[in-house]
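Sending over a structure as structure tokens; questions will come in a sec.
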Amino acid sequence: MIKVGIVGGTGYTGAELLRLLAQHPQVQVTKLTSRKEAGLRADQHFPHLRGYTGDLTFSVPDVDSLSDCQAVFFATPHGACMAMAPELVARGVKIVDLSADFRLQDTAEFKRWYGMDHSCPDLLAEAVYGLPEVNRVDISRARIVGNPGCYPTSVQLGFLPLLEAGLVDAEHLIADCKSGVSGAGREARIGSLFGEAADTMKAYGIPGHRHWPEITQGLRRMSDTPVSLVFSPHLTPMIRGIHSTLYARLKDPSVDLQALYESRYRGEPFVDVMPAGEHPETRSVRGSNRCRIAVHKAPDGKTAVVLVVIDNLVKGASGQAIQNLNLMLGLDESLGLDAPPLSP
Amino acid sequence: MIKVGIVGGTGYTGAELLRLLAQHPQVQVTKLTSRKEAGLRADQHFPHLRGYTGDLTFSVPDVDSLSDCQAVFFATPHGACMAMAPELVARGVKIVDLSADFRLQDTAEFKRWYGMDHSCPDLLAEAVYGLPEVNRVDISRARIVGNPGCYPTSVQLGFLPLLEAGLVDAEHLIADCKSGVSGAGREARIGSLFGEAADTMKAYGIPGHRHWPEITQGLRRMSDTPVSLVFSPHLTPMIRGIHSTLYARLKDPSVDLQALYESRYRGEPFVDVMPAGEHPETRSVRGSNRCRIAVHKAPDGKTAVVLVVIDNLVKGASGQAIQNLNLMLGLDESLGLDAPPLSP
Amino acid sequence: MIKVGIVGGTGYTGAELLRLLAQHPQVQVTKLTSRKEAGLRADQHFPHLRGYTGDLTFSVPDVDSLSDCQAVFFATPHGACMAMAPELVARGVKIVDLSADFRLQDTAEFKRWYGMDHSCPDLLAEAVYGLPEVNRVDISRARIVGNPGCYPTSVQLGFLPLLEAGLVDAEHLIADCKSGVSGAGREARIGSLFGEAADTMKAYGIPGHRHWPEITQGLRRMSDTPVSLVFSPHLTPMIRGIHSTLYARLKDPSVDLQALYESRYRGEPFVDVMPAGEHPETRSVRGSNRCRIAVHKAPDGKTAVVLVVIDNLVKGASGQAIQNLNLMLGLDESLGLDAPPLSP
Amino acid sequence: MIKVGIVGGTGYTGAELLRLLAQHPQVQVTKLTSRKEAGLRADQHFPHLRGYTGDLTFSVPDVDSLSDCQAVFFATPHGACMAMAPELVARGVKIVDLSADFRLQDTAEFKRWYGMDHSCPDLLAEAVYGLPEVNRVDISRARIVGNPGCYPTSVQLGFLPLLEAGLVDAEHLIADCKSGVSGAGREARIGSLFGEAADTMKAYGIPGHRHWPEITQGLRRMSDTPVSLVFSPHLTPMIRGIHSTLYARLKDPSVDLQALYESRYRGEPFVDVMPAGEHPETRSVRGSNRCRIAVHKAPDGKTAVVLVVIDNLVKGASGQAIQNLNLMLGLDESLGLDAPPLSP
């Protein structure tokens, strides 16, 4: 079995890495770190995993012991990965960073949105953005991958065919995104309390959100023309799930959008283009690495409306991280990721 | 006390009319009809109203007995009101129709979206669209009012200041709306089951929704230029509440949107313009007739993003119906509608 | 208007006091305190109250300024009220304490469960337990009232008729109680996050819970024979609401339980005995001070099963506190508390 | 691959059979029937299964074509299985019936609770009750298995060690059970609507519930002394999950309950006895065939309080059905059932 480690595994993305890797036939988690929970068994922290993590116990993060691993996931707040990554990479450990440290290539943008200088711009320069549907080959050769954010994954996969084909006015893109509350992480915040987030919804971050520069960076790579995006995230009373509703002005209203999306994503193991006229539900991907997309032409005939659903903790985080790991290790991209979604 | 009747009071809008009117100082519900539940006490059908509806009992709808009422609400499926309205109006009974029968002035549009001919076009021609913030004076003189739909109320109140002032490109309006499940009514439908609608969300009706022509009709009345709207309703796991996120291209990015909205809605008893930078939550109007609006300029500087929240069963239905009744009866518009929202 | 103050008004019980008192015809909140939020307007902290709290602003708690009030509510953690109460009472200010400081008459029990000595046993000795259905007269004469906990209110009202009449084996009482998450308060705790508490349920505190001694103290006062109670609280994915399912062995299976409950609670403004065979829902009292009770005989013929629902934030906290205030001030017990429940 | 069929696969238990069997290495679903949906692809009816059911399409149920299967699951309302079972069994097809037809051995009880005569008492007499923790050997030899109900599975597993060991007063057992709404099935019922079942809870069936005779039959088999059970089911705003809280009077308060449960369930693949003092959550078994149990002694020292959680659709229905199938086919009992629970 291939040994992997998880740094900062006490949150939701850490729990999902453990859940999904428990089903991976060739990878085993041998290191799990947390300064706060060091000494605690994984299944004491995550009772739902009783029976699946053996004696795996949280330990203090430490480069030497992590070096026994062939690859390491960082499920940490931003700043933690770039502090340890250079030494680990130097020792030949492959890294998949689920935090934001290796997503934005522009260090000035990174500082603007995350409030700190980037400590290893060289490594950042070689890091690959982990969206396999766009960067599969580069990922398979990468030493370090910046795993995309949840909103960015859904928005980029939704706009990709339209922008690559140059079919829309890229200066007036709108992404109206709805996320489940787990997207805010497993930190004790009043705004994330059941009493605050249940049976209600609201937009947030309209004046600016950290995922906006990440999405924009990605869309620019897909488009030959200037890109301008309005991004509106919303907090929704779901545990998991992102529903992104995307709007783009069509240059030519007669284009066959259904055929475009089907051909672009034919053969993609985790992107499912729904039949014409469908409306995907977030629960149809619950617990799964799948992304389901439906593309519509609005009744006005001139606007493409793209509906994208993912599980923010799987394709939006830990599942995609494992997909990237599989590619980096030369394994079948789908290993450990083929369980069906859970619905209802 | 002024006697009023409710035709078709077994659903959510009927329950809300009874709940709100129980707090109305000058109006009393003396007739409550339902073919199906005739003979059942109101508080047997709605146990939460035990202690508030006295001996009020469902009876079979009948024009003679309804004529004892000064006004009648129709909380029925479309088609029922237009069948009884002419006779009631002839007898001097004022009508507030919560169904769709008197919303669309174009009978061809009505037939297209509701699948039946309109049976009383003359009465339709005199009917007033019950959005007080637009039609207050006409409503106060009306014999029959078509009470707006839930989505149309939120979208029209959100776009109103922009369109009246001619500040946006009215041919590229987008309304991304999220509704609680009670918007689907109290009918036994698989799609509305807890097991189908909880912890998930989806768009629906992207190819076309009955509220689209109603919204468009309203927006056209506000605008000097042609209007084109993309309307995307979404089903959200909330009991009540609509959150409409509206997008419009600004002709002049330098306009002061905050001042515009505050001045347009100054003095409106039920429209609350939030301070600059806020994001209203649907729960902040739960159970209340209030509409809260926040207006933002997107980071792109050229797009207005308007956030509108209402309770779909109150300002989106029964509360606005009572607001209209108060106007029609020459009463204080706010009577019976001043209880604070319930949150959490 | 009678001036009242609220000490520690930033949580859910504080919000409910403000919401309910906004509808009280004779009482006005003139003081609202919070060390943490001093200087903030009440409606900035609680946006749903915009339009209902005027310029009311949080201030630092201070005995002098609170002395302008005729009565003060304490919506604070335990320990805070007993620190200020003696001086306020000495100045003639009536107190309703929503915390636990004045619930348990046995100071040793208080120390055992709350980990601190009681600082004013004399005042404790004169304090009245604020369950009007049991202590109405004493409450009306009290200078200080210990407002009951949420679970204790529902369990005591459910067992009251059985114990007063001596019809059950009081040594084998069971209370299986289910509470909404708001019962845990508005503090940032991981266990109360939406991601932790939604779509799941669990028991907690089976080995011991602070409400057990309070309930037992109350039940002992009702019973001529020794009382022993098994109390099992459960966390349920609801915002509000407590459903208590109570089990007691009948000494005489032939007793007419329905008649017993109806006669015991006849005339009580806030206790509704449901018709025989009913099963009350928590939503049937949402936002209301009502308690609804249904009493059944189990098919075994020898066990009474009592179903009790209240809103934990209203009859279980702030509503009952206002009911007690009304009694202490010689007002109609129901003032400000007559709005119907919100359902759905 | 072993061919199996599913009769009546349009509901939640059908969906779960398809989801779980998609992960089974040795079993393939070759027949899926539904009169109503005949001709529809399985993944059109269940979009979350797109990519997992190939071309599997609903067909009209028919004994001849079902005879190609080695085993058939019935996920039908009661009455359907006993109509087809005799002929299928005669043809050597093994049957797992998820309905109630083969659960109650007493045909008079069956008629009393299900309102119809049992059409094949002989086959009923040989049918085995499918609770592997009790009947493993008999199940492995059975031609037809009556798969237990959801409540009965949780209550029987919780009381089993206590009754087998004769440690409690079996005449005063109480089971207070809380179920998610999916337990009511995927039928269009007003009581199961999101608007009716969300953010509220209630007891139901206190005067009598169909699972009571099934549970009692099972408990009697475990006990040497007469058994009497009070059973209180509750509807809880969860999609999935049952939490059963069980109460039994201990004959000897000094017994070591933790050791008793650990030894009784040692080696059971799907029963997890939690460490002393724990409180299991329903989400800790979401989507899984596991049952987690914690056993407590109440502070009164004389009452055992047992906390049991299962997923009503898995261990409470489809997962246990597959566990039974594995036993009947001589396969490893856990095949297809080893995926970890989904949490959050």
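Order of writing sets the chain letters: A, B, C and D. Residues in each chain are counted from 1.
Quick note on the criterion: a residue touches a chain if its C-beta (ideal position, glycine included) is under 8 Å from a C-beta of that chain, and two chains touch if they have at least 3 such contacts.
What you see is a predicted model, and the numbers here were worked out from it, not measured in a lab.
Counting C-beta pairs in contact, the pair that comes out ahead of the other among A-B and A-D is A-B.
Here the CA centre of subunit A is 45 Å from the CA centre of subunit C. Subunit B has its Cα centroid 39 Å from the Cα centroid of subunit A. Look at where the CA atoms of subunit A average out and do the same for subunit D: the two points lie 36 Å apart.
Taken residue by residue, subunit A touches two or more other chains at 12, 182, 195-196, 198-199, 237, 239-240, 280-281, 283-284, 286, 343-344, whereas all remaining positions touch fewer. Taken as a contact graph, the chains are fully connected, with every chain touching every other chain.
Per the touch definition, subunit A reaches subunit D in the complex via residues 12, 15, 19, 22-23, 46-52, 182, 198-199, 239-240, 272, 274, 278, 280-281, 283-287, 290, 292, 313, 339-344. Residues 12, 181-182, 184, 186-190, 192-199, 237, 239 of subunit D touch subunit B in their complex.
Looking at the complex, you find that subunit C touches subunit D at residues 172, 174, 176, 178, 180, 195-196, 198-204, 206-208, 212, 228-230, 232, 234, 236-241, 243, 245, 247, 249, 277, 279-284, 286, 296, 298-300, 303, 305, 307, 309, 343-344.
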